[in-house]
């Protein structure tokens, strides 16, 4: 079994106290808990403080470009469904520039896990308003306070068709670790919104404020992660009360599953050495 | 008062029977009903059969590029809030390539109207699966049937923060015309999903099938367009039963409204002839 | 190359069935051993608007449209506006009085006109006026005296598969009706099919998009992600049905950015992967092309060009994406750009693009054009045994784990090509990175290492210049020729014919042609030599800015010798047009 | 240009307060009349990692960093790795023993070292160890013998505004403590400030991003949509607070595509509008740049360049976006590309970019670079009275409705510039179109009209070439010089100094410089003449592919004379570096 140490590459460069450390740690715990191998695990990210995570995680990694990690991650998984693909990134990365890709990744239901490290601000670029910033939040790009309705990522995931939706918090690494483990185990697109405070630029949404706002969803009466309606209800309340844990989970067919069941060899693993095998495709263009 | 004729430019090139004719007509009715002037009205579109609408509507128009009409439309409106801005386009344009812009236009709540001409297929490119295509829909790009969960545009609009959400049908031009008129009157981002059949490429989602599936939402018991919950509920049922009419409407502050109330002259109308007026900005960089 | 040709143009409203009638005619000609090249002209709308289908049936393989028409079929009056300029004294014009009330006659020539009520004949005899097209096919068969066997084969090949035996029978009779009708016209003109023949048994009739698809699958492509766009859509559509059968996966992306990113993800994961698009999509891919360049991920991008800028003319043709393909994306990026001239090259280049992408670990852009992408051509059968698969420095797990070996993904290799491992391989775990990085792949900002990794990354393209998978320039004509012609892509066939036309007219073979098949890296030495031997060199291309000419100038200081011959009206060059332009230039 | 300079470098961990200490020193120097140029070197992360702030205080205006350091302050040991190469015998090195345990000494020279326990002094005397930076400021003031009055002014200008009187007082004492501490060191070395002075009362101290913002607002910009990205973010941030006061609107877009599209929408609606970005954003804007070109909508794009490809090095500098700026987007697009060399040009070009955009109704790309965008420079006050506003062929409602006049948005005007109307104007109703269109703006696919509208659209750029708003090339040095140097952007200042250095060393003025300020349209004639008069011409630029050189070659067949001098390690050229490279080349 791997150790956290073996799964760590170099020294993280996040600020002391940054919420992102916990996410790294929780992913490592999940990898260990699930007994995954380094070489079978791929961590994909965009650009942002959060998106540096694969720099510090010693599995196959792809630090791609801002806002486009999900399409890359889906490409990786579809090319080789044997791999475990974990996609990480920030709220700017995922819900500003990457918002369209998120909706489509959710509805496509490729079997990957997306962990959103939500600090409600653009940190790597030094503190601008993000799509998840609270209304009224003052930054250099919203000197009078943010005017836009914040994106409710949980609600967006549910309405876009994500088949696994959860919510975690950097202060609760253990819970986050096992939530990630179940997300990875889930067949289909799983999404976890993690409250991961930026201690440097966001003085409004902090460990304390998140702690006050959050509650364990599984401890609510009649907890039923199969219930889409309940999940929607909980998600609707997110801005006031943040439900921790698994909100929703359903089993539907995974993208290209049928086709893959016919072809047990992954596209990336196909033997392509003999082009002539495919000359039959030419026949329909021949004379009759 | 303008006539439909005066609002028409040239001859439409849509296929006979295409649902998009009715949308053009309904927009013209709304413009007439509201007594708008040609020169104060701007119709913006992307690319698609649907997006050709501004070619045939004789107001200021901007036929932009595929999937990006909403950012253009917002730019037009913010540059000159005196204008009435109507944005039109198809389901591929708006919810595939344009999906991220849709979510952000809704949450930003710029005061424009977006009419989605939803035929659940890519028509101008001759019939591929679109993000609103039904599961299982067979096209040349989904020979085994579409696998993805279709985008529920009404639900997406509601969860993204649209402040006016309605649904229309090309068979009901009168209703659609007045729905568009109220959307235009609404202060904030208004969205109307129009079932606008493609008679050439979509043999599954037709006038008949839509007729069968739709019902007048305002005739349901306890109809209350202020109720977000009811709207969500109706939207959730969209794939089975399509609610026609106004689903939801709420008044919130419009993007940059505060600032504009301080500056009654639109950015586009500002007198910029004297650069020296702004030399005070230089002062902070001078010696003290 | 060709020995005479017969050119047929059928014009009418879009949706009139003209395209399928054209296809049937093609098939019949193909069966009869004619070399074929087709040219569709249709608007960017679904129904209505003038459409035409032109067929050039030649005595050998041919790849460029003609600008003469021997037989013109007019289903509407607009047909005359579009095609009168192509008529000559010997031409036959057939029109259906149902929609053609007034005949607009061409100036300067007097073709022969026949009124034939196709629609009426069809609806009277077959109760469906759509059979008018088959009646028309019969008329043309009569004019050209085509053997019955070929007609039967042609009709049945296309119709049986789709619609069954009964429909075929009706079509047969409709065709016969057309033949008889024409034969009954007194003194009706006949025209002869060209005398030469291609070896039809060893030939294909195929479009560029289809050829690209066959080439890609043969070349080992097992992943495609794409977004529909004219004129590239057919590649993706065909991949959607064929790739799964070859163990691959097709994903319809939400836009072109997602498409190329998914393809890059798949390339990183070890699948040969691609995306297909046209100009607007290629523009959107600029940032990701830079990522593939920086992170050194193999990916193939097929760009079926259409006229820009912006949405431009989606159903017409142009060669205006060259600059963007070579220069797009911020920063300095290793990339390869090649351009195919015909369906044969579409096949071959598509296959080799994957070798280039994997060997040099970079994005490879294959340029085609609407005119080859969407039109059908007869061509020699594709030679699958010519295709090699070379995966470059992709290491095996054994190599990765050889004792004492330390795998560094971006090792400072002398030719710039570092070893590569893919997820699932033990011993190859690494970070693939679009941020500037160390040999290990982890971020660095050290100036010296930045310089070194840039050198390494860019050096690969020098290496690629001498790769056997990179198509070398091709030459046509005499080396003693005074004048040169530089072309790329589809203009090759037209230019080659043009110099034949010129020599037929003038008796002189004054022109030698250089077809630049790889644009990046550019074949500098060959081009320099080619130009140095010529008095003047004409760069013939389909765009406004003289992009190919600009590229040549960037590499070779022969500006004074270079003369641009440009066309940017959405149509391809016909050979005669090039011949005229060249003759005017050297007069 | 300058008469001697003193160079100070302060190194330590990011977040150590080095940047603000640097700013205070700058302000003090500025008050004392020094010409200033700063150079920050920081990693793309928020805390930690080596950061340095270099200040060059010169006897006149200067715009390039030095590669020598007279006073080096080391708060950590890494400082030596980064700056040892800049030291000389006369240098003073000050280090804080708190973090510096081992001094790594440079090879080949012996500076003087002083250990000063800044942190300890600060925490002992002021209970906050952050005052260590102010103590350090005092030490430097002591070394350089700076007048108290300037220190007080400098400290108070920066501190009072932000933190109030009390904090200022503590800082004053901390500064004094530093001065005293140094003065007490026996035989401690002193250095003299440069003798020359700038007219500080008529000068500014400003960054390129700030200058662009002032220029844009003065130039009438009333709409910006942008997405944060280093090193351009500050333009948008400042616009967010300043533009509303000028009656304009700033919109934070969800990505760069939305940003430029909103800007295009606003431009269509009649507001002077812009977006600001860096490489990755510019790449994403390729398609929309084509739309603005095709639809002929004025829009200004400011690209503060950073090293690519892909994410590259977000906090470093480069000139690698030139090719993309000039050639990006499929098809042929009218566009204008200009590059600013210093804060003065940032201001002027930003203002004029809007004239160019409106007059020629096309996208205008203003290139800056991280090194000028984010560093502070002393410069002459901006001359607002030099700025003109010219809105081109934007018609008034009266003109639109003149009897007999028929407004056609894309009229085939002889210079390619058609009349323009904006929504709200009666009589100007039209369709703005990214599809190919008629003079009216409605779609067309007619080949002849396509050709005509393309000619019209592209002709504008020829007209722009002689516009007074397009910055003409600038020349420095003797016309009799044997060698030429071609530069763009930030390298201008360094190159100008380099030829001074060379003439100081060799006594000869062998180099003449041409600064290409407009890249598209390119100043072909001037460049041709410039090159023709020289034996050899060095093209000095910050990228790998020699992009400026490639551009020159595309226009001028002087390849044999052109020699590239390149740097692509993320750092800017220092004058001495250019001088060295040039001297080696001509030796």
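A few points about this structure:
In order of appearance the chains are A, B, C and D, and numbering begins at 1 in each one.
Criterion: contacts are C-beta pairs under 8 Å (C-beta built on N, C-alpha and C of every residue); 3 or more make two chains touch, one makes a residue touch a chain.
Only a predicted model underlies this, so the values are computations on that prediction, with no experimental measurement involved.
The interface with the greater count of contacting C-beta pairs, when A-C is set against B-C, is A-C.
Each chain's centre was taken as the mean of its CA atoms, and the one lying most distant from subunit B is D.
Each chain gets a centre from the mean of its Cα atoms; for subunit B and subunit D, those two points are 41 Å apart. A straight line joining the Cα centres of subunit A and subunit B is 30 Å long.
Each chain gets one centre point, the mean of its Cα atoms, and the points for subunit B and subunit C are 37 Å apart.
Residue numbers of subunit B whose C-beta contacts span two or more other chains: 47, 52, 63, 65, 96-97, 99-101, 103-104, 108, 131, 255-256, 259. Touching of two or more other chains is recorded for residues 43-44, 254-255, 280, 287, 291, 295, 310-311, 434-435, 443 of subunit C.
Every residue of subunit A that touches subunit D in the complex is listed here, in rising order: 13-16, 47, 49, 52, 63, 65-67, 92, 96-97, 99, 122-126, 128-129, 131, 140-143, 200-201. Against subunit D, in their complex, subunit C makes its touches with residues 43-44, 278-280, 282-284, 286-287, 290-291, 293-295, 305, 307-313, 315-316, 318, 320-321, 323-324, 326-333, 434-436, 443, 445, 447-448, 450-451, 454-455, 458, 543-545, 550, 553-560, 568-571. Touching subunit A in their complex are the following residues of subunit C: 30-31, 153, 156-157, 200-201, 203-206, 210, 213-214, 217-220, 222-223, 225, 242, 244, 246-249, 251, 253-255, 257-259, 261-273, 287-288, 291, 295, 351, 381-382, 384-385, 387, 389, 422-435, 441-443. Against subunit B, in their complex, subunit C makes its touches with residues 15, 43-49, 227-230, 233, 236-237, 240-241, 250, 252, 254-256, 280, 310-311. Residue ranges of subunit A in contact with subunit C, taken from their complex: 9-10, 37-40, 42, 44, 47, 52, 54-55, 58-65, 68, 70-80, 82-83, 100-101, 103-104, 108, 255-256, 259-260, 262-263, 265-270, 272-276, 278-279, 281-282, 285-288.
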